[in-house]
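The first chain written gets the first letter, and so on, giving A, B, C, D and E; residue counts start at 1 in each chain.
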Amino acid sequence: MIIRKNEHWFKMLFIWKGSVLPQLLPRLLLLFLISVCIVYLKGKLFDFKIPLNPAPFTLFGIALALFLGFRNNASYDRFWEARKIWGALLNDTRSLARQALTMSGYPPEGKEVDTFIHYLIAFTYALKHQLRGTDASKDLDKRLSPELSERLKPAIYKPILLLKEMGFWVQKAKADGKIDSIIQASFDQNLDKLSDIVGGCERIASTPIPYTYRILLHRTVYIYCFLLPFGFVDSLSWLTPFIVIFIAYTFVALEAIADEIEEPFGTEPNDLALNAMTTMIETTLLEMGGKPLPVATQNPEGILN
Amino acid sequence: MIIRKNEHWFKMLFIWKGSVLPQLLPRLLLLFLISVCIVYLKGKLFDFKIPLNPAPFTLFGIALALFLGFRNNASYDRFWEARKIWGALLNDTRSLARQALTMSGYPPEGKEVDTFIHYLIAFTYALKHQLRGTDASKDLDKRLSPELSERLKPAIYKPILLLKEMGFWVQKAKADGKIDSIIQASFDQNLDKLSDIVGGCERIASTPIPYTYRILLHRTVYIYCFLLPFGFVDSLSWLTPFIVIFIAYTFVALEAIADEIEEPFGTEPNDLALNAMTTMIETTLLEMGGKPLPVATQNPEGILN
Amino acid sequence: MIIRKNEHWFKMLFIWKGSVLPQLLPRLLLLFLISVCIVYLKGKLFDFKIPLNPAPFTLFGIALALFLGFRNNASYDRFWEARKIWGALLNDTRSLARQALTMSGYPPEGKEVDTFIHYLIAFTYALKHQLRGTDASKDLDKRLSPELSERLKPAIYKPILLLKEMGFWVQKAKADGKIDSIIQASFDQNLDKLSDIVGGCERIASTPIPYTYRILLHRTVYIYCFLLPFGFVDSLSWLTPFIVIFIAYTFVALEAIADEIEEPFGTEPNDLALNAMTTMIETTLLEMGGKPLPVATQNPEGILN
Amino acid sequence: MIIRKNEHWFKMLFIWKGSVLPQLLPRLLLLFLISVCIVYLKGKLFDFKIPLNPAPFTLFGIALALFLGFRNNASYDRFWEARKIWGALLNDTRSLARQALTMSGYPPEGKEVDTFIHYLIAFTYALKHQLRGTDASKDLDKRLSPELSERLKPAIYKPILLLKEMGFWVQKAKADGKIDSIIQASFDQNLDKLSDIVGGCERIASTPIPYTYRILLHRTVYIYCFLLPFGFVDSLSWLTPFIVIFIAYTFVALEAIADEIEEPFGTEPNDLALNAMTTMIETTLLEMGGKPLPVATQNPEGILN
Amino acid sequence: MIIRKNEHWFKMLFIWKGSVLPQLLPRLLLLFLISVCIVYLKGKLFDFKIPLNPAPFTLFGIALALFLGFRNNASYDRFWEARKIWGALLNDTRSLARQALTMSGYPPEGKEVDTFIHYLIAFTYALKHQLRGTDASKDLDKRLSPELSERLKPAIYKPILLLKEMGFWVQKAKADGKIDSIIQASFDQNLDKLSDIVGGCERIASTPIPYTYRILLHRTVYIYCFLLPFGFVDSLSWLTPFIVIFIAYTFVALEAIADEIEEPFGTEPNDLALNAMTTMIETTLLEMGGKPLPVATQNPEGILN
């Protein structure tokens, strides 16, 4: 995810990094060349004049904008929902840490509470790795007992098994006479929320926007853009390639951004900064537990991932 | 549901499988032929020139796009809400399994917990079969005791009766002195959520978008598309059939997709992958209970149902 | 509410029943006749040529479509929220029935539980009658004790008094030593939800979309449609009445549908099927209680109310 | 708030009361006169012909419609959220009354329960007066003990202090041995909801839509409308004033309605009927408590406030 | 945040303060000058006539309006969600204060309750300072014990540590025998909500709308506006600069407002009035505790921050 301060309105017109322009350049150049050819041939194809004019483009361009708007909205909603779920993860792990510190009956600086807080941190890492399909072992080894870390290795749904461990931790506190059923139920409600968080992430990751929508819109956007020069060559003459590029840039870029943020758990520039968020959760939980904080480093170019 | 990786932008223009194009082809071909005739007759019908021009099409095309956008939104919301409800089903069955494992007082590997976990799995299958109107017997026989499976056969609302069984299971744990009222209430809250999930699915399945909307839009889209060639024949000449097909494809396809995802519990290519989700719930619950996992198979063409 | 299977795309163009066309026919015919007159007079009124052209209609038609879209959205949201509330009613009565069966300490087949389940069924009927302003006596007499049914007759808010009776039922179970405060609180939470359901329905029924919006849009839609023939008579000539009717049909029909589903508790074809939903709730509650089910009959034409 | 039955579609075109037309008449008349002058001068200003044509108006009119749609949506959402919050107030006071009647251990017809129900009624009145900035004393005097009523007089946040009193009432019930901690917690959850209701109302009342939006849109709508006659004088000639008034009426009226419902707690015709809702809450709570009902009077013209 | 009463519709056209006009003036003036030059040169650039006409501007202007509408919506949703979270902060601190007063068992006027209420007030200030990146020390020193205030100084997440202190306060009340586990759980639920509030604010503050969207729209809006004069110079002649400025003002201003309210925790004129809201929370909590109120001052120009 790219974080950048607002710049001067004039400078913003020429920003290169962080825009989707670089990745779209080849397609736009191709379109530019085609437009130049069409202008050169005055819209003729093997002596046949293509009889297009701006009218159907106006009619359809607005319809296309509407449908792109729908696609955009759906993608952005997915992005923002994913962000909300990771926000809930922060809130809920903090709440569970607070419960362990102030309600469990164990001493706040003791070993039991520390174990529980590291369960929460390991849970966060396990979730991140599951969503990105990467290997969680290294991060879990550092934060869990060797025995538990080993037991989790073959598991498909590691965060869920960690939730079960937390449930056993609470059960043990009750068996030790530290808490009663009511406090156990309080913990349990927050564990339920963690279960909702895992499922919410899995839902977004496993169910994209229906594929047919994406093909349909992709196809329509590109055919529209590649027909545009024929429609404007008569009225705009040698200006056609420039105007076509300007219009196509916006349509094509919007489709590309929508495509990118639709899967918010990836590592592309506009995806969620899962690494930064995981470190942040670890930091705040350790601060709550009165432990030394990890050294967080920020990417100097303002790109987190 | 079709799951497919992003492809190259150029290749995506020619994808055939997974688009709605095949199913719309006959209608679009018919429209193409009609357009060709109209061009051949230069827009005349028995010597009467049809005096249409692009103006009313521009006016109305945008209104039509807006109304299609509304229909599209409503359909997609239904699709996504259905997906959210099935996500909640995953979360909630996991939470109940965790409660049975860590709060019920029964041994986590014992027979009682195992029975409960199989209630949850059977519940998932029973819901799927109810929504699709298919026969649940085979799937229930495998996961429930013969006596209970037999008792459920004539029932209309099988998942609800399974919820009642889970309620009795919790009541028995209390009678056995394993849990107190507080833990019972904790189970009960999650059973309430399962009840909400069943009702949510039934709501989407039984209440489509008002029929009048669908007729109105269907009619308007098709009349609009079949009038289009008359409006453009004078200005676009022999290009008319191509432009008409291009515009009609987008409008007609959007209406067709909206129609398909509106009923997300069916087995059409863009519906929810209930089979895959049910298997996934079974897998995660068995993993939690420390049981061997079922062998899941994925359709090689990326289509789940 | 009309429930109908998807038909062939071609047949759907000619459906008469279930569309709003019949009810709009007189207005559209009037508009058609006026258009014919205008064409005959070539847009002249007492020798004055009305100098209209398509430009202002394009400008304003799209604005009108946008505002109609807003109205449509607001109406549909009301319809769908009403449906959600009735869905919650189903979920919550099932949850309360399950609580009575598995948590109350009374025998599941006993008289007390049966009374409670009939309170729930009577509550559903009482709510339906309150929303439709019809007489609840007959339906309550069948399901409640004569004494209670009589006591409810003069009441304004019958469902709320039934909620109070359920509260007393739970209180009596506690006084009988069957349940403790925790189980009482569990029942109480679901009773709170029923209270939310009643209030939610009352809100939708008593607060329509601000009247000024409806007048404004109604007026604009109709003036627009009746001015349309003047704008197109010069360019479309004798085709004007047909095109005008086509455009007007969509605008007027959308406004009419929005008007109809805005009050979802009525008995018009596109309103919610309260009768069917009430019967369905009764069926599922009786099935849960192990009682014989009522005979439900479905309207052969696919119209529920 | 104006409540009116649906009228015949033709009569609705001529409704005067309840529309915003009366309040907009002076501005529209001014615009009409200016348009007439412009037609008379044939678009010339001191011999300079204003070279405007419909093209920029089409371009910008649709953009303006979009932005008005955004403003409209935001205003309507505020209106409907405010209505939802008052609906929640009804639900929650009913739930608290039911709790006092069936869970408090006090006799349902006794003095203590009666006091509590009057706290709830007074709370509703206090909230209404706080939102409208009117004097609550008279309404509180009637429903509270003189001592408490006097104590509330100087308070800024009267409903919140009444919530505290309810908290003390519950605490006393516990001290009297009538309820235990669990029932106290059940009351407390509903008191929390009342706290949310107060804060929700205060939020809507104190945070309007950002002022800059409102200025920007207001300015754009009016400048647009006053430029319109220049754009159409050449093509529409003497019809210009009529068409301009028709278009301007819709734009200006939508902005005026959005402005009105944006602050839903006022006493303008389209604001929420707080008086009627307060009386309704009082009626239902007294009916629950078995007390005689107040005489509610409805405004004969269908306007509630 | 600017709060201003509705003014006369005519006066509102000329408001300067509180509009974004002042900040946009330089850019608009630049555009005006360029337009004047283009009119003077009759659209020629070094003898080459720029062959632009209004058609592509109409096509694209509407698409641009749609995309701006999306950006606007997303920004406004962020603004309103932030306001909702601060509203929840008000509600929840009031609920916790009420719990401390009526459920903690400590005397309502005693020292313990007073400490707790000051924790809540300090929490509010700490959150405000964290979001704005300002120094909280001064505000915390006034409201907390020197020891605690000192301990918080180096902390990164001060509000979270204050939540932990509140948890310890509740634990101590339980150890003192003032409350049981049930009341502790009631406090705990509201502390969980405060945790959600902190996280919600952090989410909005740390995750802006994807940067690529902002660049894309910024670029498109400005290029569009600077091309506009070429498109209209032929048809509008010397009126071009005025019409261009009018259209550009709306587009550019909407983008600027969206940019401003997107980050609602800043101190720009359209951001949330965090200072006023913090003072208001302090006032209502002190009033509940029966303490003397702070003197609140309102900015005479109607601007809060």
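Heads up, the rule we're going with is that a residue touches a chain if its C-beta (ideal position, glycine included) is under 8 Å from a C-beta of that chain, and two chains touch if they have at least 3 such contacts.
Fair warning: this is a prediction, and the values are worked out from it, not measured in the lab.
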Shared interface partners, meaning chains that touch chain A and chain D: E
Touching both chain B and chain D (chains): C
Chain C to chain E, fewest steps along touching chains: 2
Rigid-body rotation angle, chain C and chain A, from Cα fit (steps of 5°): 145
Rounded Å distance, chain D centre to chain E centre (Cα mean): 24
Centre-to-centre distance between chain E and chain B (centres being mean Cα positions), rounded to whole Å: 38
Touching two or more other chains - residue numbers and ranges from chain C: 58, 62, 64, 66, 69, 182, 185
Ring topology as an ordered chain list, initiated at chain C and continued via chain D: C, D, E, A, B
Complex contacts: residues of chain B adjacent to chain A: 1-4, 6, 9, 12-13, 15, 18-20, 54, 57-58, 61-62, 64-66, 68-69, 72-73, 76, 79, 83-84, 87-88, 90-92, 94-95, 98-99, 101-103, 179-180, 182-183, 185-186, 190, 232, 235-239, 243, 246-247, 249-251, 253-254, 257, 260-261, 269-270, 272, 283-284, 287-288, 293
List of chain D residues in touch with chain E within their complex: 27, 50-53, 55-56, 58-60, 62-64, 66-67, 69-70, 74, 155-157, 160-161, 163-164, 167-168, 170-171, 181-182, 184-185, 188-189, 191-192, 195-196, 198-200, 202-203, 206-208, 210-213, 215-216, 218-220, 222-223, 227, 259
